[in-house]
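In the two assemblies presented below, chain A is common to both, partnered first by chain B and then by chain C.
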Partner chain A sequence: MLEHLFYEDKGVLLQNLHSTAILGYLAVFFTLALLFSHPLYLAGIFLVGALAVVTAEALEKWEAYLKAGLWMALLVMLINPLVFHAGKTVIWRSPALPLLGNVSICLEAICYGAAMGIRLLAVLTIFCLASAVVHPDKFLSLFSRFAYKSALVVSLATRMLPAAARELANAREMLQLRGVDFAAGNLKERLKKYSRLLDILLLASLEGALQTAEAMQARAFGSGPRSCYRRELWRPRDLLCLTAGCLALVFSCYARVKGYGDYNYYLQLGVLVPNPASLILLAGILGSLALPLVLSWGWKHWPYLRLKI
Partner chain B sequence: MSGHKSRSLAVFLITGMLVAGMLTATILTKSWSLFTITILGAALFFFYMDFEYSPASAREIGLIAVLGTIAAVGRVPFSALPGIQPVTFMVITTGFVFGPRAGFMVGSTAAVVSNFFLGQGPWTPWQMLSWGLAGTTAGLVRNRWPRPGSAGRVLFCFAWGYLYGWIMNTWFWTAFVHPLTWKSFLATWAASFWFDTLHALGNAGFYLILGPRMIKVLARFQKKLQVELSDP
Partner chain C sequence: MALFEIENLTYFYPECDTPALKNINLHIEEGELLLIAGGSGSGKSSLARLLAGLIPDFYGGKLAGRVLFRGKKLSELGPRLLNTQVGIVFQDPEQQLVMTTVEAEIAFGLENLGLPQGEMFRRLAEVMGFLGLTSLKQEFTANLSGGQKQKVALASVLAMNPRVLILDEPTSQLDPLTADEFFNLVERLNKEMGYTVVLIEQRLERCFHLADRLAIMEGGKILRSGPVREVARWEAENSLPFLPPVAKFFAMLRAPALPLTVKEGRKELKKLYPSPPAPEKDQARPARLLPVPATRQDKRVVEAKNLWFTYPNGKEALKGVSLRVNRGEFAVIIGENAAGKTTLLKQLAGLLKPGRGRVLVMGKDTRTTALPELARRVGYLAQNPNTCLFQDTVEAELRFTLDNLGLEDGGVIDDVLKRLGLLPYRQTNPRDLSSGERQRVALAALLVAKPALLILDEPTRGVDCRLKKELGSCLAGLVREGLTVLMVTHDMEFAAEYAKRIIMLFDGRIVSDGSKHEVLGNSLFYSPQIARLFGGTVDGVLTVEEGLEKISANGELSPCLATKAGL
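Up next is the complex of A and B:
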């Protein structure tokens, strides 16, 4: 269960980028999903995100994210029409309800809810992509220069978690062999049985923490200024992906300044494409975001390109 | 000025400029979701920097990592149950025993580490802040009232079930609901009411059954941390 959503090395291009390049690219993706409210822009970002997930061979992970995301998107689509009734296109007016009175369901609020549902799915897709292509160690190493204590705490805990889960399973088995039935009894009795498990885990792990600390001290931890060694290389592929992200950001800022990324939901739905330039800019943004995905395809199928980037 | 100090100043200045830039962009674009994320990022940054500049020893770092791991492991078997999870109670207990800084670090570490395995999402930084604040406030309460009594602690754990839910609702409300009014906030809060109530009841139940024993074990290790050898 623990390994299900954890990082798996699949050898795709997005996993072989410099951490600055891939995190920069993902940060642009995330910012754009929050920046725009136009349904076409949001749908475009979601589609490129979906394509990126396919490129990263993380469909199994995405399924788990979508299962949770669809319920949340449904909630978003439900809350918006229930709290905003001032839209001009009333679809249905309820009879007088206790506390709420007459509730009007407007088309505008439904459309806004649907667009925000797409935004939510886009954001979840970006996080799914991040967990599929960024190794936790790579991510934490970025912070090790200026926040080494915090990075060390998280790094240690990430390493310890699978071991602690195994230790918990072993302790449970041991107690079961001694006749403890975890399924028997009411909730209070079962929690008491689990408290023994917690005791074992706590005592064993805390003793382990002291040993870890001794090992750290034996390796001169905290004895003076730290040195830092980086194994990651900056390659042409990193520059290309980061440039693609920056290009998408520049196009987006321009679209935002011109008002193309906005959409008027209230009080009446606006025109979907008021200016053809809006679609051209959208194509520019999506094209820039999709550039690393095209490179990823080339990386897989074209050895010459793989060699050059 | 030493290299360490100038580097710290540079980190603070760059972060300050980034936050100021994002806040300006937020005001210009009127994007409240970006605004809340900026505030959240700044809050997490200052909590982590407080830990960075504290004189935390290797023992404390090891201990925080282990407690964060145990809290995260505790989350896994309960992940299928909506609302009920022992993380909040464990973080609060840590805060009660080791103080606000350790409480924050254990809470935020449990959130980020467990999500490496359960799935990272936009909820991760909010969970880091919520659980971190639960640990911090527990430590602050301990500093103010060293012996709040069992009832006080149970009440505190219960209250954090709701507080956690309200903080978590903030990102959902600002990013996906329009307009941002009290009415829409209450609707969002009502949608999570049963989850929050289960969380609060779970916290109180966990504390009543597991809390006193856990406090005893942690207090024993706290004493071990404070042992110093002096020259004869």
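Up next is the complex of A and C:
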């Protein structure tokens, strides 16, 4: 389960982009997921996100994200109609309840909750995509130019996480064979048993941190001004993907200005497609966002394209 | 002028009353390979840190005397200049890697030195090419094997282009073949590239022949330093144990020459055996590829039947392993890194459940028996004993096991502490003890439960020869009392000395299983140094003692048994 959260090299195009290009593309994706409230736009972004996850061969990772995300989305869909009653289309009115009185369930609140649920899933999908395609080291290298200490701390933490997980598993095994049954006892007793694991992890981490710090000093860390190693190359594919992201952003801004990306949920649901231009713009946005995915497919299956980009 | 000159140096770690280094006087010449040997806590690592400038800069403490580098005080060099002159590789590769990928890791030191982009590219290309790391440049450091990690650590230091390379037990966590590969690199760096190398090592048989000079440390002092042969002779005269088995063997024979390598040793041996005798057929049996025959079924302690296991990531770690270990056996599992040794141990301890096949511990199927129940029968010590020490005192650690398993003390804590020499540390925090002592505490915490089967994963890692001897004697004593010991080790000398049975694993399968003479005696590369010395001359010799017995039986030369105990 835990290994799905870490980056794994699959050799897909999205993993082989310059960090500026892929981060730019993902930033546009994320911005759009927050920018629009129109259900069609949100659903479209979610679908392209899902397609990107498939292209990035990260379905297993996505499954782990969705397991948590779907419950949260359902919760939003359920809670919103219970809390907001501003809609005009009441589809059910509860009998008088203690403290709450009569609770009205409105169609508008259900639709709004569903749209927010899709937005949540879209955002989670984008995070999943980011963890699948952004190499942590490239990401840190990009930021280390102006915030290298923070980048280094993140790098150390990233490196420590799998090591700590291994250490934890080892400690757990050792304690199990000294008679500790982690499944037995009430919650308080089990918490006490787990706290011992944390003790071990803390002690081991502190000792390890001292050794790491020593190794860093031995390699001139903090000895004076430092430079930054840039190993990434800029290729045509980076330009294409970044341009696609920018294009999607331009289309989105235009849609927002024209009000196509907004949708009235209250007091009554608005018209889904008030103007055909709204759909044309949506197609433009989704098409732009999907361009890197098409390139990714071509990169994998069409050697000529691979040669050229 | 010597490269390093250390004069009358004494050093105390902060809040310590006893000096870690006492009155050290040492010269290190440019281009030489200095080997430093000594027991745990003898000050070897402190000396390495001193030479790398980490003492006192990183550790603090009090320092008297002076350290000169090319005639200039080390403290006057400044950290940046020092880092470009002296590089250090530590024992644990896991803790010295900072970045997430190989390329970034190697570049880390260069970035710290503020080098321009072009220079960094050049150095990275050269170092990765030299060490064969180019194919791994985008690999996550966390996914590398122990040997690869240590190579990356070496590459990170070499990229900084130091003139002196300090290696603090760099191969203690590597299997014999990977360790040999690492030392081949060190030899090239020293002999072909002109690096000055200061090497600290416990397993001397691997590197004795590489050294120009040898320094022996004890209690923070340098007892003796000088040309290897001269110091080795002095060691032999003073019954010190820091000699490779070949040298130890000839020292015990009081032979006029003191060979340091197998090649030299074989030349000397030819004088005793001018014409090699015909191989003794009964001792040169090939190792069995099948499990030990089903005898003494009533004494069966653990048994694996057609055991298969695949990790969730798809790695098939065990492929049809069948194995039976009887009561009172001392069996050692050997093999390269990632051969499936630790997975097999975890299966036999019940920590992992078979994918296919069965594991029976004292007749109980591990798939259906709860771990707490297995814990009464099996003691399991992982590679890193620190992962089980968390109590405030040694006694509390032992009592923790008893309480969890619902066992009465009945004097067992006293017994175990005494047996493992831990009585003086009864009220000491385990984390304040040395690594060898911590390991004994972890072992004691298992032994109080009086398990029938003791499973140990590389207990000799980073342990000096004296502690190894103590551990081996202790385990041998327990085996005599009926305990079954099953352990993984890369230390062939230890296996040859104490084990009765050797199981060789390769790619998740048992490729050889038999008595230690059958397996180690016939092994191409997993053989102890003495077996290589006697190979083709006298078969069935694995240890110094066995060699001496053969020579005695041959009537050629009477070994001096008076020195035997000392060495």
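One rule holds for everything that comes next: the second predicted complex is superposed on the first by the 270 of 309 C-alpha atoms of A that agree within 3 Å, B and C clash if a C-alpha of one lies under 4 Å from a C-alpha of the other, contacts with A are read in each partner's own complex, and residues count from 1 in each chain.
By our rule, a residue touches a chain if its C-beta (ideal position, glycine included) is under 8 Å from a C-beta of that chain, and two chains touch if they have at least 3 such contacts.
These numbers come from a predicted model, not from an experiment.
Once chain A of one complex is fitted onto chain A of the other, the partner contacts of A:150 are limited to chain B, with no touch recorded for chain C.
By the touch criterion defined above, A:203 lies against chain B and chain C together after alignment on the C-alpha atoms of chain A.
In the superposed pair of complexes, A:92 makes contact with neither chain B nor chain C.
Of the two partner chains, chain B is the only one touched by A:165; chain C is not. Note on chain A: of its two partners chain C and chain B, the one contacting more of its residues is B. Applying the stated contact rule after C-alpha superposition, one finds that A:136 touches each of chain B and chain C.
In the superposition on chain A, A:304 contacts neither chain B nor chain C. Once chain A of one complex is fitted onto chain A of the other, the partner contacts of A:225 extend to both chain B and chain C.
Look at A:179: by the touch rule set out above, it reaches chain C but stays clear of chain B. When the two complexes are overlaid on their common chain A, residue A:212 makes contact with chain B and with chain C alike.
With the contact threshold set out at the top, residues 3, 7, 136, 152, 156, 158, 199, 203, 208, 212-214, 216-217, 221-222, 225 of chain A are in contact with chain B in one structure and with chain C in the other.
Chain contact summary for the complex, chain A toward chain B: residues 1-7, 31, 34-35, 61, 64-65, 68, 72, 75-76, 79-80, 82-84, 112, 116-117, 119-120, 123-124, 127-128, 130-131, 136, 146-150, 152-154, 156-158, 160-161, 164-165, 168, 187-188, 191-192, 194-195, 198-199, 201-203, 205-206, 208-210, 212-214, 216-217, 221-222, 225, 256, 265-266. By the touch rule above, chain A contacts chain C in their complex via residues 3, 7, 9, 135-137, 140-141, 152, 155-156, 158-159, 162-163, 167, 170-171, 173-181, 184, 196, 199-200, 203-204, 207-208, 211-231. By the touch criterion given at the top, residues 49, 52, 54, 57-58, 78-80, 83-84, 87-88, 90, 92, 94-101, 103-104, 107-117, 120, 124, 138, 140-142, 156-157, 160, 312-313, 346, 349-351, 370-372, 374-376, 378-384, 386-390, 400-401, 403-406, 431, 445-446, 449 of chain C touch chain A in their complex. Touching chain A in their complex are the following residues of chain B: 3-4, 7-8, 11, 29, 31, 33-34, 37, 48-49, 51-52, 56-59, 61-66, 68-70, 72-74, 76, 105, 109-110, 112-114, 116-122, 124, 172, 175-179, 181, 183-184, 187-188, 191, 205-206, 209-210, 213-214, 217-218, 221, 224.
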